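Could you have a look at this structure, given as structure tokens, before my questions?
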Amino acid sequence: MTGSIEQIERRRALALLAPATLWTLLFFALPFGVMAAISLRRSGTAGWSLGNYTEFLGNPEYIGAFLNSLEITVTVTVLSVLLAYPLAWIIAEEIPPRCRRLALALAVLPFWTSYVVRSYAWSLVMAKQGVLNEAITSLGLPALALGNSRAAVVIGFTHFFTMLLVLTIYASLVQLPPNLRRAAADLGAGPVAIFRHVIWPLALPGVAVGAFLTFALCIGDYVTPQILGGGNDLALPQLVMLQIGRSADLPMASALSIILMVAVTVAYLLLARSMRAVK
Amino acid sequence: MTARIDVENLTRRYGTANALAGVTLTVEAGEYCVLLGPSGCGKTTLLNILGGFADPSSGSLRIGGRDMVGVPAAQRPTTTVFQDYALFPHMTLRDNVGFGLRMRGQGRAERNRRAEEMLDLVGLTGAGGKRPSQLSGGQRQRVALARALAVEPDVLLLDEPLGALDLNLRRTMQEELKAIQRRVGATFVHVTHDQEEAMAIADRIVVMNKGLIEDEGPPERVYRRPKTRFAAAFLGEMNFVPAQVRTGRLDSPLGDLGPTEHAAGPVTLGIRPAHLRPGPEAQIPAHIIEVMFQGIHRRVRVEAAGLTLLAHLPLGQEAAPGDQVMLAVDAPEIVVLP
Amino acid sequence: MKRFAACAGYMLLIYGFIFLPVIVLVLFSFQDGRFPVPPLKGLTLKWHAEVLADEDLRAALLHSLVVAVGSSLVALFFGFLAARALAHSTMRGAAAIRGALTAPLSVSYLVIGLGLLASFNIAGIGLSLWTVAIGHVVINLPLCFAICYAALGAGEIQAERAARDLGAPEWRVMALVTAPMIFPALLAAFLLSITFSWDEFLIAFLLSRFEVTLPVEIWSLLRSGLNPKTNAVGSLVFLVSALAFLAVELATKRRI
């Protein structure tokens, strides 16, 4: 007798869940499994092997690309947080509530343009005859050879992720109960002390999540390095695309992608560990 | 319409906890039944089972003679007035009230006409075009009632409907609910923890505790002759005095308290504070510990014969802590409990 | 006062940095010359006109719209149903399913695209706009689910209960009560999905062959070097995206 109504409800819930779950299984989990499996084959041969991975470890070009990606990503993450935090803080604290939405919208408006187009626009800015160099040479300084270099890639990335982080850090700051700040002030803390002891530690989880998102998105990005980077200094995603396009070596491409995922997972675990340590 | 409710040996387990431990109850068609008890007693669980929102673990439930176990809420001849009203915020009052009729396939003109009728019944004439956000709490409650009644249910279930209202509004609504129930004729099952409310409205009170029914019946009977100690204490303040039945009389620390037909042996006597008062034949010396003004009388805590008791003193009599008074007991009103 | 100056100064700097590429882009799309680089010669609309007349670009635009709207509708519908099933649910494993449905959010598009590419290869399914749309549903579904899930609060659950009590069958409960009550969230999720799909390059690049979406078409254009026509495309795309973003802002401002 038990469970007739509950059975009906459970069946209903399962039916509602089915489309989304099936889609995720079929078009996300399954392909991921396929990719992982393929990474264990060598192009053109049958049989399973870790050959792709050993090739990765033994090839200085591959390792170089991986380290490249790591370095760029870490630099971009740190820079973007440094640039975004003050702006997010200003919008959250100094701007009157009425104007906050406008300020935020302005801060991320270019976010909503085509990503491809935006990276291209940076190449315009930093080209040899580009806007930046025009401005610099007109001041009498020597022109910068920024276009097609790692620095350009970092700048392009930082531009995008600063906007993203302004949003996420703002969201984190705005969640803090205002009374905490008042309580600290009431007990004699000045603005710097309030930031150091109250705001920074409490907003940290949100900031950390934003930084992780930045890391994950940046390390896997193909467009910006391809448009703004030099041909010698490849990032790992570019290598992956090369394997797909030029060599049609899907197994190797899969292996490299998995390595990328591992890097992101490691970053996630480090984040989770440090978050737990903080709590 | 209206219908009779038959509950037999209903239980409901959540893991190892017993929300309902075997409830048997009959509510006649057209009765106003109130489920009364402290939080956790199982009254809301019972209401949910009646409404079709939860299954019993065992036992049977019949409404209008039809077996209801396993039948979902949408197909039962019951509707519910929820504690938080659960009005549809994006619909006008008219559409809210007419919703159940719409589900039954009624046309728009007919629905609207009936909705206006129901709004009129609950005292919100002409407000059909408004939205819930424009109403006060009391008004929302009436709309919820109108919405539930619009489909002419056999049984109307009310889950602590007056809990969010202030005292005066609550009293007014109690009268209105009673009047509406008489007009409409459906069987009402109303859950509350407020014993005054229960006694004011109910045709039948069901006192529950820890998943079981302690006592049930007409309010006056349950109040004056409660069957269990819990029921006695829950319906109003009660003094409990240990006593012995000897040779057909009640022998207590307060003296001989009159004849009884109860079997010989130890008993507990329940004496309402209103029945412990001064009077011409007062013979029990009592020492006043605390005095509280209650409008119609003074409620005093006294010490008599080694017991701490509550008594009522009329306003005319001056009383202060430390005073001595003489009290008498209204013997016919004594409740003898096992 | 000093604080105000410091804040204003910093804001100017950062906003300048943020808007720099866009301003340059738009400015030099009017360049009357072969290369969109300084100095700015005359102003002309001819590049914009050329872009609007370009058949490939127009086709790609249509494709982008179709894929965006189609995949967003599917993602929203599935996400809404799943959110309803899991909101305030006491089902065992509800948290696990929630995690599984939001997992794709933290996976790189490269991995998602590559996985689908490899799978379609093995299954013998040809690449087309359909495969792109499938990929876009994968990336938008978690987002729609998360937004709907967050929007379904106690008020919505209680109202659903009342509707069921009054005799409504499940689909009517969802259509007449749940969906209207969380309409702002539904709209926001839909518009957000459209924006993500409309702008998405990597998956569209990997999973399409002959018919492409706008970002992929722009990419081919880019491969041919600096060209004011590319600027014009970028400016127009920026205009459309900016308008769409403003539409989202206005739509979500009006709450019930």
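Labels for the chains are A, B and C, by order of writing; each one numbers its residues from 1.
Heads up, the rule we're going with is that a residue touches a chain if its C-beta (ideal position, glycine included) is under 8 Å from a C-beta of that chain, and two chains touch if they have at least 3 such contacts.
Note that the structure is predicted; figures quoted are calculated from it, not measured.
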Graph class of chain-chain contacts, one of line, ring, star, complete, other: complete
Winner on C-beta contact pairs when A-B is weighed against B-C: B-C
Centre-most chain, if every chain is reduced to its averaged C-alpha atoms: C
Intercentroid distance (Cα basis), subunit C paired with subunit A, Å: 17
Chain centre separation (subunit A, subunit B; CA means) in Å: 60
Centre distance in Å when subunit B and subunit C are each reduced to the mean of their C-alpha atoms: 56
Overlap residues in subunit B, where contacts from two or more other chains coincide: 52-53, 72
Touching two or more other chains - residue numbers and ranges from subunit C: none
Footprint of subunit C on subunit B - complex, ascending: 51-53, 72-75, 78-80, 82, 84, 86-90, 99-100, 103-104, 133, 147-148, 151
Subunit C-facing residues of subunit A, complex: 10, 12-14, 16-17, 19-21, 23-24, 27-32, 34-35, 38, 83, 86-87, 90, 94, 101, 105-107, 109-110, 112-118, 120-125, 127, 129-131, 134, 159, 162-163, 213, 216-217, 219-223, 227, 237, 240, 244, 250, 253-254, 257-258, 260-261, 264, 268
Footprint of subunit A on subunit B - complex, ascending: 52-59, 69-72
Residue ranges of subunit A in contact with subunit B within the complex: 1-6, 8
Subunit B contact footprint on subunit C (complex, rising order): 155, 158-159, 161-169, 172, 176-177, 180-181, 183, 256
